[in-house]
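Presented sequentially are two complexes of chain A, the first with chain B as partner and the second with chain C.
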Partner chain A sequence: MNRLERLIDEARREVEDNTFAAVRAWKEEEPGRACVGFFPVYVPAELIWAAGALPVAVWGGGDRIEVEMADARVQSFICSISRSTLELGLLGHLDFLDGMLFGSLCDVARNLSGVWARNFPDTFVDYLHYPQNLRSEAARGYYREDLERLGAALGGITGRTPGAAELAAAIDLYEEQRALLRRLAAVRTEEPWRLGLEEQQVLVRAAGRRDPRRHNEVLREVLELLPEREVRHKDGVRVVLEGSFCEQPALELLRTLDQAHCFVVASDLARGLCWFKEPLRRSDDPWSDLVEAYFVHAEGSVVRHFSPSERTERLLARVRDSRADGVFFCTAKFCEPAFYDFVLHKRALDAAGIPYLAVEFEEKMSSFESIRTQAETFAESILFFADEEATA
Partner chain B sequence: MNSPYQHQGSGQKIQKQLLTDWYRHLEQAPERGEKVAYLFISGNIGELLQACGFHLVYPEVNALQCGIKKVAGPNILAAEDIGYSGDVCGYVKNDIGLMLSGNRMPHGTTLPKPDLLVCNYAGCATYLRWFEALAEFYGAEMVVIDVPYLRGTEGPTAEEVRYVERQLRELVAVCERVAGREFDPAAYRQAIDRTVRSEDLWVQILESARHRPSPIDAYFEAVFFMAPIYTMRGTQGCLDYYQAVAKEVEERIQAGMGPVAEEKVRIVMEGPPAWPHFRKFWEMFKKWGAVTVASTYSKVGGIWDLGFRHDPDRPFESMAEYMLGCYTNRNWAMRSQLIRGYLEDYGADALVIHSVKSCRSFSVGQADLREQFIREFEVPTLFIESDLADPRYFAEAQMKNRIDAFFEALEHRRLTAGV
Partner chain C sequence: MYGAGIDVGSTQTKCVVLDGNGEIVGRGLRMTGADVVKASEQVLEQACAEAGIETHEIVYTIGTGYGRFRVATGDDQVTEISCHAKGAVHLFPGTRTILDIGGQDTKAIKTNARGEVVDFCMNDKCAAGTGRFLAAAAEVMGLDVSEIGPVALKSTEELKITNVCTVFVESEILNQLSRGRKREDILAGVHRSIAGRSASLLRRVGVEEELTFTGGVARNPGMVAAVERRMKMKVNASEDSQFMGALGAALFALERAMAGVRRKEQEVQG
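After this line comes the complex of A and B, so read on.
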């Protein structure tokens, strides 16, 4: 295993570890360190860091957990991530967290905040509301007040209420990280065979649980090593993956897509960690910068209602910008927001003549053969029709 | 034979007439050049929109009527045909299916298209997705009133109220532009004044269930009694209706009448009803002499029995408070507290949770609520599942078995406790 593979493998082992051993070790390294978990999709990580805590993405247990206790508390028709995340908590795997944050992604995520509060009465639990009426002149002010409120509440558990200087420094750090993650994504867009989708995603997911200073170093090194990697150009189709902004597909599923030569060149995977489509506009008021991040720089997402057609327009733009041949809808079972978006996206793709394939996944999936066959057929059909058009 | 009672059945009769008139008037609105706004029940701002000259369409009410009239199934399938998943809200699919089939309601009315979609987002993220789809399909303008979910147990903060109030004031300008006429503040105030009087009567009707026997079923009957206060609040018709229902209920109390021949068990209900199988569902409880004395679904459009009233002197601010306080906009600590209060205040013997797949806003957390009420509060609690719109999710035999087993056990417990 070479250095690049070792770095990726280390990230893989950490993100697959449901006991969060590496995060626990980080916390114990220095007295006074704190960790605050967050459920998808998004929380401003820089606010948690500025309050002196490590933001930890708590995004389900994947395929490495048996859900038992959580089944009594969350019905079977609710998405797996809500149940497996609760199971992680009930198993005690999250007892190192000093707090847990939820946001207004959907009714499941929102209501889960209450279930969490009852089941873990000794943990600090908070809920952040993301404005959905961005046209209102009151919305920015409200969101800012809510961020300041949350900052003060986090300060209550860490003893370090963030001021402007701490927040600006934290934004710097996470801006650096987002720029690195954007460069990593660009590698996939330009040469998808140079970096596996699964490899890219373990590096993204690791950003959700590592000290950003350390992870930024890793990302920098990976980006330095990637151009030297010995790779072979592979033929395949280029797709935009859509619908995995919250619950994450198994890493095996991501490997399957590369193997099927269905190359994901842009995606909404782990959306909350890579949400901003460009560097944030900075000012001397970091609170306002965080507000603008959400209002102006966020990519189209169901977390945020901008206008009825914005998300579809943005999807079409991503297809265009990434020179994709089609769209691969990869939706978690029972994920209502993604299912609603699918209908509107589908209409626009049909109108634009862009091919798409829709599959559903669950955290506990163990066989990916059906998805492989579908992806292969999808890729072949795109190539076939492209050939036909070329000869016509 | 003449009935010995003067007021029995008047609630049902008047409501039928009110709704018939309402739909007829609505259907003819485009001919008269009048504008139509679509909005949702929870935290609805009917008085405000009417004072801007809009006729109102509530897609949720259409969905439940299609459910009761047993046409929701075909509507849902039509929506699934264009790509809606089997796992999303049946109300949304019913509405999309209804639109695809020309918006003709089972009772014959053709619903007009929206000129404005007002997403009075209170307690349900699906509302946003629903109106985004309608905006796309109808090409209509959509506006959102962003209503933050409540934290803590103290109710809305001053900041939250101010935030929602500002959006309501901004909405007036949008309404004036779309409706092409000026907002009438005096009409709004007068409507709010009538609203407050209707709210007083509604609370009086709900609280009549404290009597033994209860004169009403606070779920199976209340979900019908609630229709005017959620759809035409602020109108004279609504006020007259509640005056009539109050008399009907008073007469029942005097005569010792109730919804079942003999009241044996008093229950609190959490969750929406199974509209497509409503009668069957109710019968399963009636046969045990079970009467609902308080329910949360009858509060789905607004909660007044904790003391809140709209205020004609603060029509915007109190509207904001009302929207924020909606049942599904309350967090689980508040919901649990409310239900526990009902169990105590209404002398209930048990809690029944009807969990519906369609509505995650209602249902996520209900299984945990069951754990809390059984283990922490030691309240006999029945948990059943079906749906409020999709007839396919009603497993009759299974549902009946669970209900029978629960009431048998409850009866047994009483007998042995009495020994």
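After this line comes the complex of A and C, so read on.
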């Protein structure tokens, strides 16, 4: 295993560890360190870091957990991520967390925050109501107040209420991380065979549970090593993956797509960790910078309010910008927000003549043969059409 | 010149050998079993024996089906969805929609006149409404799966089987038998139940005439009749329905073999 593979493998082992051993070790390294978990999609990690805590993405238990206790508290017909995240908590795997944050995402996430507060009464639990009307000045003021309120609340558990200087420094750190993650995504867009989708995503997911200073170093090194990697150009179709902004597909599913020659060149995977599409505009008021970023610089996502035409335009622009041949909708079972948008997206793609394929996944999937067959057929249908057109 | 297609399905492995004119000259069929590689080799040998040729005379072989990557003699792989579309349009050129019911999955496929896949969808992860569902029903009745279609066609009284679950259908059938219902009526209900489930898959891709029924289950006349009644349209079905995937694969193989020959001729001329 060479250095690049070792770095990726370390990240893989950490993100697959439901006991969060590496995060626990980080916390114990220095007295006074704190960790605050967050449920997808987005929370301002900068604010948590500025308050002296490590933001920890708590995004379900994947296929390595049997949901037993959680099913006694929530319905079985809700998404896997909500049930397995609660199971992680009930198993005690999250007992190192000093707090847990939820954001307005969907009814399930909203209710999970209440379930969490009742089941873990000693843990700080907070719920962020993100503004939906992005054109309202009052919404900006409201959001700023909510961020300041959350900052003070986090300060209450860490003893370090963030001021402008701490927040500005944290924004710098996460800006650097987002720039590195964007460069990683660009590798997939330009040369998808150079970095596997699964490899890219373990590095993205690791950003959700590592000290950002350490992970930024890892990302820098990976980006330095990638151009030297010995790889062979592979033929395949270029697709935009849409619908996995919250619950994340199993790593094996991501590997399956590469094997099926369905190269994901842009995606909304782990959207919360890649929330801003461009660098934040900086001023001498970091609170205002965070607010502006949410209103202006955030990526399109079904959990932000846009008009139907804006939603579809954003997807079409992603297809255009990434020079994709089609769209692969990869949606978690029972994910209502994703399915609402699918109808809009489907109509827009039909009108634009862009091929698409829709599949559903669950955390506990163990066989990916059906998805592989579907992805391969999708690739074949695009490639064979292209061959016909070339020879016509 | 000969091209071969080998379709390794969950239940059966099939092979078709085509001559240079695209005519079927050999077929091979056996249960897949645990040794997928051996099954693929044996069906190829069977098909070559029927064609009266040696296996080395096959210029190009395409593997398809769930075991497509285990076809030792395969030069390339194409999914069974693409192959069924290719095969169905070859046998029935007017085909625009395909219903493929195999041993463990069901697929609805929309195709164009060239046999290219335009859209498709598959059943979910369970075997509800597949060949396995019919096999479970046959087992409870003490019949061979090949016998249940003709028996179902004798039905005189409509009976609703509400279950599409392969496991629970057994207890529903036993319940109906204990109530004295006739087996032909029960089996007709089983066929209608699958036809209903297939119809919902077909509606998802959009049904356009002609509809061609492929896969092993298409050889069941009771199932063909149930689909026709449900879809209110004539359904194409062939004696070669179960070979449709292998036929499509063989057509792809022949195309690639010919493209290779053309390339070589151009090189020689150039």
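The definition used in the following text is that the second predicted complex is superposed on the first by the 391 of 392 C-alpha atoms of A that agree within 3 Å, B and C clash if a C-alpha of one lies under 4 Å from a C-alpha of the other, contacts with A are read in each partner's own complex, and residues count from 1 in each chain.
Assume a residue touches a chain if its C-beta (ideal position, glycine included) is under 8 Å from a C-beta of that chain, and two chains touch if they have at least 3 such contacts.
Computed from a prediction, not measured in an experiment: that's the story for all the values here.
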I'd like to know which partner A:R110 touches here: chain B for first, chain C for second, both or neither. first
In the superposed arrangement, does A:Q374 touch chain B (first), chain C (second), both or neither? second
Just chain B (first), just chain C (second), both, or neither: which does A:Y142 touch? first
Using the touch definition from the top, say if A:T189 reaches chain B (first), chain C (second), both or neither. neither
With both complexes superposed on chain A, which partner does A:T161 reach: first (chain B), second (chain C), both or neither? neither
Give the list of chain A residues in touch with chain B in this complex. 72-75, 77-78, 82, 104-108, 110-115, 117-119, 126-127, 129, 131-133, 135-139, 141-142, 145-146, 302, 305, 307-309, 333-334, 336-337, 339-344, 346-347
Touching residues (chain side chain A, partner chain C) in the complex: 360, 365, 367, 369-370, 373-374, 376-377, 380-381, 384-385, 388
In their complex, what parts of chain B are in touch with chain A? 82-85, 87-89, 92, 121, 124-126, 128-133, 135-136, 142-146, 148-149, 151, 159, 162-163, 166-167, 170, 331-333, 335-336, 355, 357, 360-361, 363-368, 371-372, 385
Chain C residues within the chain A interface of the complex: 66, 78-82, 105, 114, 116-118, 120, 122, 124-125
